[in-house]
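Note that the chains take the letters A, B, C and D in the order they are written out, and that residue 1 is the start of every chain.
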Amino acid sequence: MNIHEYQAREIFRSHGLPVPDSVLAESAEQAREAAARFGGTVVIKAQVHAGGRGKAGGVKLASDPAEAGKAAEAILGMEIKGLVVENVLVAAAVEIATEAYVGIVMDRTSQRPVMMVSPEGGVDIEEVAATKPEAIFKEAIDPRYGLMPHEATGLAYRLFSDPALAKQAARALAGLWSAYEGADATLAEVNPLVSTPEGEVLAIDAKMNIDDSSLFRQPEIEAMRDEGAEAPSEQRAREAGLSYIKLDGDVGCCVNGAGLAMATMDLVKYYGGSPANFLDIGGSSNPEKVVAALEIITEDPSVRSILFNIFGGITRCDDVANGIVEATGRLDLDVPITIRLTGTNQKEGVKILEGAGFEADTDMDRAVRRAVEVAS
Amino acid sequence: MNIHEYQAREIFRSHGLPVPDSVLAESAEQAREAAARFGGTVVIKAQVHAGGRGKAGGVKLASDPAEAGKAAEAILGMEIKGLVVENVLVAAAVEIATEAYVGIVMDRTSQRPVMMVSPEGGVDIEEVAATKPEAIFKEAIDPRYGLMPHEATGLAYRLFSDPALAKQAARALAGLWSAYEGADATLAEVNPLVSTPEGEVLAIDAKMNIDDSSLFRQPEIEAMRDEGAEAPSEQRAREAGLSYIKLDGDVGCCVNGAGLAMATMDLVKYYGGSPANFLDIGGSSNPEKVVAALEIITEDPSVRSILFNIFGGITRCDDVANGIVEATGRLDLDVPITIRLTGTNQKEGVKILEGAGFEADTDMDRAVRRAVEVAS
Amino acid sequence: MAIFIGEQTRLVVQGITGRDGSFHTRQMIEYGTRVVAGVTPGKGGLTFDGAVPVHNTVAEAVVEQGANASVIYVPARFAGDAILEAADAGIELIVCITEGIPVAEMMRVMLFVQECGARLIGPNCPGLIVPGVCKVGILPAQIVLPGRIGIVSRSGTLTYEIIFQLTSAGIGQSTSIGIGGDPIIGTDFVDCLRAFEADDETDAVVIIGEIGGTDEQTAASLVKEEMNKPVVGFIAGQTAPPGRRMGHAGAIISGSEGTAAEKVRAFQENGIAVAERPVDIVDALRAVL
Amino acid sequence: MAIFIGEQTRLVVQGITGRDGSFHTRQMIEYGTRVVAGVTPGKGGLTFDGAVPVHNTVAEAVVEQGANASVIYVPARFAGDAILEAADAGIELIVCITEGIPVAEMMRVMLFVQECGARLIGPNCPGLIVPGVCKVGILPAQIVLPGRIGIVSRSGTLTYEIIFQLTSAGIGQSTSIGIGGDPIIGTDFVDCLRAFEADDETDAVVIIGEIGGTDEQTAASLVKEEMNKPVVGFIAGQTAPPGRRMGHAGAIISGSEGTAAEKVRAFQENGIAVAERPVDIVDALRAVL
């Protein structure tokens, strides 16, 4: 789950990172007030779940409250990568001597969180990785021991040779690890971590992604979820325990298992069709999930053909069949459904479907081809 | 450092152990009020740093407030193993179905904390270990992973076969580990952990020892120190950074290093003398420590001979010599001093002492023999 | 022989009394797997289906029933500890079906599993099956056929699909194994490929990958460097839009790494023929056998 | 040869610019120890006494100066991490002089040291000295004499006392080592006894124990079972009252374990002659040589 910059700032601050004061504003008026309170130049930043806010015009400097109000007015309601800006962050602008990058990301290969730092901050770190890899320093963190103080110190001296700055940076890195670990993050990033001409180290941006599987033990972070930042259908799917991603095509796909769902979409495309969505009903056998899935798919007006591709394992074909029968009974469906059903309790499932007047194929290739034909 | 039962109860409770409500009373009146508040039978327990309170008469049951007042009156002011009772704990008495022992202790051999449980609780666990070792179950805890839930569950089923009780016990064990780890304890113990006829598991006693070396990072626990429970001389020594234990003899010993201090005491005894104390001025070179040490030793009226045995290493002989000269200048000493001084900066040290009119020997055996002779 | 499981497997089922655990235990027993014990804390002393003794702990199941392998069907918030418990009890092979274990927990669990010298398969995986001999997990038995092809996959149901295609074409399998799609898994492609290379009963291997991470690329290098047996592959996720998650926690396209196109290229450059459709695996295999 | 240190030792001093660190660095250099680097974060780039390069990290000292051993003089609250840092940097021998590291921290530190395959001596120990060759720690050099007796002790200054007695009697030492008196230490009696048994330059060993724990008993068994060289011993704490701590965190008499009388008996029963006074060690040694 993504959280907003202002939320990540709060978490970082509570773990001892040097995050300057800021205010969240929902209106130009609030932004004006905040700017008046801070005095001097402020920065106004769009709070959306999208990178590249600066390039999109979502970050502006304002030298007085009136200008801050205007800047907020311009940013609020702006659309960045399809997401509407509903809040802006207002913070006192900081004079910058140097900009560094510091971040922690879950690394599949080492199976550990890896802390990455670079004195080349303030720009896209992937660009630094591509053009100047020698300027990125990494330390894999053993989660049994956590970030050891000397690891933080070692990395801090990669950023600053001045001991006073390096000490502050080491403390910031310790705080970043504490925040990452405490929040069950998969990414925690400050870009840039700046030093000021007065010799202060400050975290003036904040980014965090949280492991979805950990949210059950992170109620405070779960409460940070911004439902406005999700499409309603995706929100609905999440609540029903489904993985759903809306796409641009017209063949609605309902599949059990992410890999099979992707292979199904690939096959839809192979046969000249275009998938309307990715939808994985997951591994458990709950007819209610099938009902929710069918509802979500049919709410998409582009969908002209619905394809079920179910290969029973822990998911049982009879449960899915019951869900299909129940959902089609409840909904007023005018989109044709193609069903492929095989695996655990296949016989029972086919029987249930046939009893309700559905045909069920057992061959994926054939079913996909038919669903594509039906759509065109 | 030892903490009192009532303090350990608070720590245990904050870590989720099922500790029944209790009140600390300094007077019979307060105990009466507490008993009235609880209603029914209460238990009154002396709060002193000593085991065997029950046998010494420091634990009493009272069936009504009046009786509770009387019991508290009897216990307050009582002396248990040389310690005066200044507080009593008042708690509602619990009906007991079974009594178990649960504890965690730092184990030198495995270099890990070891959790021990026994269904034979309510009695001295060392007695159980001696007479019925098969009734004690142990689990070494890997501090990198902490007490794993299945370890707690496994031990809980050693205590209770009833799943409802075992589940409560497993939670209590998890809480005990959390308290042990969180407080930097070297011992955390509940004896007994009881089950009631109603099927509740309760921790009705609490004991904790805290690692002295960790107190710098445990300010809340350091604040629990009961200075009344220490002899004033030992308190003074602690504040000066010395290890001091008062004994019954007449040869005051001031030594650097615990092993050499013990060997010195042993040698005093070998030559027919009797050490007045154990005193280790530690490994650092601070003349102030020597001053404090000499003051503490001379405040003991039994001391008839003072013996310094200093073997310089990280401790420097000149620092110790300066301390001796300074302290003897400040104090009005009428007890003879025998000094043995050798090792790092020996020459400088001897010079300083001789300049102040002291003799300094380099041979331990000879110095100890002389200090014993002087005392008799 | 096959890989990892076989007639020597003495299985304990963790979570045997749950909905999924009981269902799949019956399926495994029916298939011939030697399920020697079950574990559900608080149900120790019961007998599952009048045949399988239930214990409170895995340690008991090891001592009293000689269990040497375990399969886990407990809910996500208990599954990490279930793996630790199995490893702690000396279980050699642990198969974790459960999905949704926190990543941070799995990182610690994996370190412990490695310290114990155990092999973990999964989590969030369908397990493995040696047709006609033994199945551990949830792979549907009716679709497999004894034979000499090894199958290894990050996916669950997509694996079934591939097995189904092979079986429909009369091509049997030595072992089929789903390693799981999570970011942290116990046994990876490389482990399985090496095991298949060493297995006398396997002639060729099918590897089924998907978008996210670089495990397929690593596997492809291994195939080129270490394997003599032919390997054919399939990659799911050609149509996945970059930057969006596709269900598996691992299915993230991050920067320049992890797209389906890259993985297909890595396979092809290292001598792994890539099937366009699941059904094409059959022809790809026939071409190399 | 001697044990653990020698001419091959390339030492880095952690905390070289502190009061104790700088004092003892000078003493070690004067004695001939090859101090190749110092570490104090923030002082990287300086040169200590115009001779020893100072680095910000141990890793730098390893890479740039080829350090293979470390000695730690940093304050207690930083000393645990200093050990971790040395082990992490690949240092093979770590000698920690610092006293007062929290026990809970040391338990984790020890596990990490073991994972790194390093040897830790201490903490809260005086270090070790090979007379005439090399000293690492704080043992006073003027009291040692080259020779063929190994000394191992849990104590600090009591060790000096024993060395002093031997030297005064003209009996030289191969290596003297203080292992520290804390509850958690890196190298114990058993490790040292085995090393002395294997050391060509050692003819006999003096073991100096004290009350608390059961390390002396374990050592005594080892002497009987594994050692051919004669061993003599001394135990401090005959007059210690039961249940009171005597300075060392380890010096606790707990239950039936750990009294001086028990340890003396364990020594005697396993063929270790026990000296009553420190000075009697000389005669005890002469009797077995």
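Simple rule for what comes next: a contact is a pair of C-beta atoms (placed from the backbone, for glycine too) under 8 Å apart; a residue touches a chain by one contact, two chains touch by 3 or more.
Computed from a predicted model, the values in this text were never measured in an experiment.
Novice: Along touching chains only, what is the step distance from subunit A to subunit B?
Specialist: Minimal hop count between subunit A and subunit B: 1.
Novice: Would you mind checking which chain's C-alpha centre is most distant from the centre of subunit D?
Specialist: Here the answer is chain A, farthest from subunit D.
Novice: Report, in whole Å, the distance between the mean C-alpha point of subunit B and the mean C-alpha point of subunit C.
Specialist: 54
Novice: As a quick test, compute the distance in whole Å between the mean CA positions of subunit B and subunit D.
Specialist: 28
Novice: Mind pulling the residue numbers of subunit A that touch at least two other chains?
Specialist: 144-145, in rising order.
Novice: What positions in subunit C touch 2 or more of the other chains?
Specialist: As it turns out, subunit C has residues touching two or more other chains at 108.
Novice: Linking chains that touch, what shape results: line, ring, star, complete or other?
Specialist: other
Novice: So which chains end up touching which?
Specialist: A-B, A-C, A-D, B-C, B-D
Novice: Which residues of subunit D touch subunit B in the complex?
Specialist: Contact set of subunit D toward subunit B: 20, 24, 76-77, 97, 99-105, 107-108, 110-111, 126, 138-140, 142-143, 153-161, 164, 181, 183-184, 208, 210-211, 213-215, 234, 236-241, 244-251, 255-256, 276-279.
Novice: Under the touch definition given earlier, write down the residues of subunit A that touch subunit B in their complex.
Specialist: Where subunit A meets subunit B, its residues are 144-145.
Novice: Which part of subunit C faces subunit B closely enough to touch in the complex?
Specialist: 41-44, 56-59, 78, 81-82, 84-85, 88, 108, 112
Novice: Hey, which residues of subunit A end up touching subunit C in the complex?
Specialist: By the definition above, subunit A touches subunit C via 106, 108-109, 111-113, 126, 129-130, 142-144, 181, 184, 186, 211-214, 216-217, 243, 245, 247, 255-263, 265-270, 275, 278, 280, 282-284, 311-315, 342-344, 346, 364-365.
Novice: If you look only at subunit B, which of its residues touch subunit C in the complex?
Specialist: Per the stated touch rule, the residues are 145, 148-151, 153-154, 157, 163, 166-167.
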